[in-house]
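Each of the next two complexes has chain A plus one other chain: chain B in the first, chain C in the second.
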Partner chain A sequence: MTGWIKRLDWPGYVLAIFLIFFVLLPILTVFIWAFTEQWFYPSILPTKWGLKYWFKVLERGDVWAAFFTSIQLSAIVTGLSALICLPAAYAFARMDFPGKQLFMMSFLMGNAFPRFALIISIAVLFLSLNLVGTWAGVIIIQLLNTILLMIWLPTAAFQGVSRNMEEAAADVGATPLQVFWHVTLPQALPAIGAALLMTFVWTFYETEGAWLVGAPRVQTMPLMMMSMINNQLVVQYGAVLSVALWVPSLVALLLARRVMGSDSFAKGLGA
Partner chain B sequence: MARLSLAGVSKEFGSVAAVSPLSLDITDGELVCLLGPSGSGKSTLLRMIGGFEMPTAGQVLIDGQDVAHVRPNRRPTAMVFQSHALWTHMNVFENVAFGLKLRKLPAAQVHEKVMTALELVGLNGYEKRSPRQLSGGQQQRVAIARCLVLEPKILLMDEPFASLDQHLRERLREEVRQIQRKLGITTLFVTHAQDEALALADRIVVMSMGAIEQVGTPDEIYANPSTPFVAGFIGTMNMLKGIAQAGHVSAAGFRVKADIADGEATLAVRPEDFVLTDGGLAVKVRRVVNLGPYLLAEAEGGDGSAITVHIDKNRVVREGDILAIAPQRYAVYREGAAPYRSA
Partner chain C sequence: MADTLQGSTVTPSKAVPKGRPYGLLFIALPVALIVSFLFFPALKSIFGTIWVKQPDGSYGVSIATYQFFFSDAYSLANLAQTLWTTVVTMVMLIAVNLPIAIYLRFSKSKLAIFVQVLALFPMFVPGIIIVYALIRYMGPNGLLQTLLEAVGIFGFQSPYLTPWGPVIGMLWDAMPFTLLVLTAGMSAIPTSAIEAAEDVGASPMRILFSIILPQIKNSLLVVTSLNFLGLFGQAFMPFMLGPTSPEMMGPFMLRTFSSVRDPLQAATQATIVFALCSLAGLAYVRSIARRRAQEVVK
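Presenting the complex of A and B:
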C-alpha cells in the first residue's frame, strides 16, 4: 500500500483529484443531504443534522412496496437467468456445436449496441404484445440484460476447470453427472456466485428497462427514487433513498468478497 | 493383479496419427515404462488404457476382457496425472475417500482404508490439509494414495514427477518402486527421462512417432538397442556415419569388421566402449570434463566428426592431446537390415 502511494506521480494525482471530484464528492454530498434537516444557503455544512427524513421515508408504504417489488423482480430475474444461462454456459465451455462462435459473438454485439436504443425498440415490440406495464414485460427486458454477464462469466469459469480434475473423478468411478456435481460445479462456483450476485445487484438497480416497459404500473425502487428526486422539492427524500440503496449493495459485494476469497472473485471477473 | 494386452491399438486425431497400430503384452505385477521423446504418443497410449481416449482401432484387454470402449469410471484402472489433478475444494482425506464414497462403503471402512493408503505414501497426519497447502511431492503422494485406495488392477502414471526437482524425483520413484513391489500391482509409467525408466522399469517400451521402437529390459535396451533411434535416445552413443563395404565399415576414420550389406551405414559406439591402443585411430582432444568416476573427452575424429570417449581418471589428458583409440564393442546400423553387433 505504501509502495503504491510512493509510486503515485502526476498522472496518479490527476486521477486521484478526478476520482475525488467525480466519485467521492457526489457520494459525500448525497450522504450529507441524507442526514440533513435544515441547510441554509451560505453555510458549508447543514445547519441542522438529524434522522427526520429517514423516518419520513421509511414510514411511506409506497417505498416499502417498491422495495419488495424490486427484491422479488431481482430474485425472479436472477433465478430465471441462472436457469437459462448456466446450462448454456456449460455447453459453450465443454461442448462443440456448429455456430458456437457466432452465438458468443452475438451476445457481445447485442451489448455493444447502444442500450437505450435497443430498449426502446424492445419496448415498442412489447407494446404490440401487450407486455408494457406488466411484470412479465419487466422480467423479460431485465432478463435480456443479464444474459451477457450470466453466460460469459460462467463459461469462463467452466472452461477454467481443469480437465484432468474431471478425468480424475471419472477415473475413481464418478459418472458424468457425478463428475459435474462433485467437481466441475464446486470448482466453478466462486465465479458463478460472483455472476449471480452481480446479476442480482445489477437487476435491482436497473432503471431504463423498468422505466420504459414497467412504469408507471410496475414501480421498482430505482423508479421510486427517480420520481422522488424529480418531483419533490425536498432533496432529502432522494438522498435518503440513495444511501439506503447503496448500503445493501456494498454490503453484498463485501460479503461476496469474503465468502469467495478475493482471488477467486477476481478470477470470476476475468482478472 | 492383472494382465494387460494391447492388440493393434491405434489413435488418430483427425489426420494426425498419434499412435500407429501397436501390440504389447504386460504381465501381472510388471512395471513397464513408456519412454520416448515429446509427441511420441506415450500419453495418448496411456489415456487409451485409462479410457480417456477411445482407440481408433484395436483392443485393450484387461485379463482378457476388451475394455476399449468402456468409460473410465467402469475400468479397473487408476491414473496419476502429471498435474496431480487433486480436487482443490476437498481436503486430503476427502480426495482419497471420494472414490470409496462413490462405492457407498460404510464410513468406518472408508476411514480405515483412507488412513491405510495415506500411511502407505507416508502422509499420515495430513488428512485435514488442503491440497494447496502441500508441496509438489506431497501432492503427488496424495494422487497416488487416491488411486491405490481403490485397489485398481492397473496403475497408470503419466510423467508423475516431471515437475519435481531431481532429488525429489529420485526419492519418489524409489518409493513408487517399493509400493509397486509390495502390492504387486501392474503398472505403466510414462516418462521421457531415460534415467527414470532405467532405474524403475522391469521392461522399457521405447516409443517414437507413435510406434514402438523396442521393448526390453533396461539392460537389453542399453546394451543392444535395436534401432538407430533407440541407440541415440538411450544413454550416450557415438553415432558415426560411414560406408559398409566388403564386410567392413569405415566411419570417422575407423575401419571395423561388420558382416552387413554394402551401402551407407552408421557405426554406433558407447563412450565407455573405446579402448586406448597403439594401433588405434589418432583423435585430437577438444575438451575434457571430469565426471568424478571417469573423465569424459570430446575428441575430433579423422573426418572432423565429434567423438565422445570415457577415459580412466588416473590418466592425465589435456586439451590438444592426441589419443589413439579403437572401438572395442560396437554396433552397425543399416537401413532395411538387422543391426550388426561386434562380439
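Presenting the complex of A and C:
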C-alpha cells in the first residue's frame, strides 16, 4: 500500500458509490420487477409483490419452445466446438509443426475484425447458399463464435499438465494414447469442463448471429426476450425470464471461473 | 503451474518426434472453418461490392454503391453517429476503468474487494439482460428517476433512445474486459518504483504520467484497439437503446440487410466499416504478434 492512497480511502468510497449506482441498482431493478404485481409510478418500491407473472410465463408455449430451441442449439454448438477444437488445442500445446505461431495468430485475428460487419458478410454468403433462416446457418455462425475460447483455454490446460508425469508413464511402457487417456486428459479435464460450460452459456445467450441469420424462423431465447422488451406492455415477462434464466447461468460461469483462475482470459486476448 | 508453463516452452517436445507435421492434421478442421466462414465471406463480400452485375446482365467493375453511400446524407449521418458513439464510449471506458485499476493495484482494503467484484460483475450478465435492466433502471419513470425524485431532484432526462443510451449500455458491457486488461498491465509495475518516487516528493499526477502510464502502454494499446473494434461493430446495444435516426452502422447494416433487403448495399456498408476498423485491427494484431514473439524468445 502506498502513502497517498493509504492516508484516506475516499477514492474507494467514490468508486464504490459510482458502481452501486451504475452496476448494482440496474440488476436489482430486474429482480424487483420479477416479483412485482403492481408498481405505480412515484412509489419507490412495488405497490404489490407476488409470483403471479412467474406462473403466467411458465404457461406460455412459445417461451418453452424458444427455451428448448436454445438448449438444443447450445448443446449442438458446444459439442461440435469441442470435437473440432480440442484436438487443435492439444496440438498447439504439445506438438511441433510448421507455421504453429502463424496459425495461432490466425485464430486471434478473428478479433481484429468488427464483429457485426463480419456477421453481415457471412449472412450475405449464407443468402446465396440458402442458409438464412435455417438451423445449419445459426449453428455455423454460433460455432465460429466459440472457436477462440475453445482453443485458447484448453491449450493452456494441456500446457499445464506435468510433463514429468507423462514421461514417467511413457518410461514404464505406456503407449502415447494411454499416456494421453490416463495422464494428460484427467489433469486437463477441469479446465476443459470450464471451457465447455462457458461455451454453452455464451452460446445460449448469443444474440447477434441468431438474430441476423436465424430470425424470424429460428426463435431462440434471447430473440424471444428481445421481442418481449420491444413489443410487450407487460414489463414482468422480461423480468421473470431474465431472473429465471440468468441465475443458473451465473452459477455455472462462477464455477467455470473458479477452475480457470482470474486473468487467463485477459491474457488470451493479448493483454 | 507457472513453472510448468515456462518449462514447457523451454524444453522441446520429447514425446512427439520433431519435424513431423502431425499437428497440422489436428488443427486442419478449425482452420478450415475459420477460412471458409470468416476470411472467405469477408473477402467475397468486399469483392462483390466492386464486381457487380451490370444492367445488361454481364459482370463488371462498378463503385456505384460506394458513390451512393458517400453521397447519401442519411448514410453519412449514421457513420458520423457511429464514430461519435465509439470515441465517446472509448474515452469514458478509460476514464472510469483507469482510476479503478489504479485503486485496485494499490489498495488492499476490504472496500477494494467490493469495488473489484462490482466492476467485474457485468462480465456475468448477458447483453440481453443488461439491456432489459438498463431500460427499467434509467428509462422514463424508471427506478433511477424515482429515487432521484424521492430525494427532491427533479428534471431527470432519460438517456434511453438518445445517443447516450448505447454509450451507457456499451460502457456497462465493455467495463470488465477493459479493467482486466488494465489490471494485468498494472500488476507489472513494481511497488518499489512508486514508493521511491513518493520518497523524492513526486505528486500523484507525476507518478501517474511518469511511471504508471508508460508501464501500461501496451495494455492501453490493446484495450483501445479492441474496444474500437468492439464498439464500432456493435449492433445489439444501439438497436435496443439508441435512437433510430441517425442510427449506428450496426443497426443500419442490419436494417439494410433484413428490412430493405439490399444485401449489396449492406455489404458495401460492411466494407466501409472494415476499412475504417482496419487500423485498429492492425494495431491489435501487431501488439499480440510482438507479445508472442517475446514469449518465444523467453
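Just so we're on the same page, the second predicted complex is superposed on the first by the 239 of 271 C-alpha atoms of A that agree within 3 Å, B and C clash if a C-alpha of one lies under 4 Å from a C-alpha of the other, contacts with A are read in each partner's own complex, and residues count from 1 in each chain.
Methods note: contacts are C-beta pairs under 8 Å (C-beta built on N, C-alpha and C of every residue); 3 or more make two chains touch, one makes a residue touch a chain.
This structure is a prediction, so every number in the text was calculated from the model and none was measured.
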| item | value |
| --- | --- |
| Touched partner set for A:178, first chain B, second chain C, both or neither | first |
| Partner chain in contact with A:75 - chain B first, chain C second, else both or neither | neither |
| Chain B versus chain C as contact partner of A:97, first or second or both or neither | second |
| Which superposed partner A:129 touches (first chain B, second chain C, both, neither) | neither |
| First (chain B), second (chain C), both or neither touched by A:170 | both |
| First (chain B), second (chain C), both or neither touched by A:162 | both |
| Partner, of chain C and chain B, that touches more residues belonging to chain A | C |
| Partner chain(s) touched by A:143 [first = chain B, second = chain C, both, neither] | second |
| First (chain B), second (chain C), both or neither touched by A:187 | first |
| Set of chain A residues, in rising order, touched by both chain B and chain C | 162, 167, 170 |
| Chain C residues touching chain A - in the complex, by the definition given at the top | 1, 4-5, 7-8, 11-16, 18-24, 26-27, 29-31, 33-34, 37-38, 40-42, 44-46, 48, 96, 99-100, 103, 106-109, 111-112, 114-115, 118-119, 121-138, 141-144, 146-147, 149-150, 172, 177, 180-181, 183-185, 191, 194-195, 198, 204, 219, 222, 226, 229-230, 232-236, 240, 249-250, 253-254, 257-258, 263, 266-267, 269-271, 273-274, 277, 280-282, 284-285, 287-289, 291-292, 296 |
| Of all residues in chain A, those that touch chain C in their complex | 1-5, 9, 11-13, 15-16, 18-30, 32-33, 41-44, 84-85, 87-88, 90-101, 103-125, 127, 140-141, 143-144, 147, 151, 156, 159-163, 166-167, 170, 176, 179, 205, 207-208, 211-212, 215, 222, 225-226, 229-230, 235, 238-239, 242, 246, 249-250, 253-254, 262-263, 265-267, 269-271 |
| In the complex with chain B, residue positions of chain A that touch it | 162, 164-165, 167-175, 178, 182-183, 186-187, 189 |
| Parts of chain B lying in touch with chain A, wherever the complex brings them together | 50-52, 71-74, 77-79, 81, 83, 85-89, 98-99, 102-103, 143, 146-147, 150 |
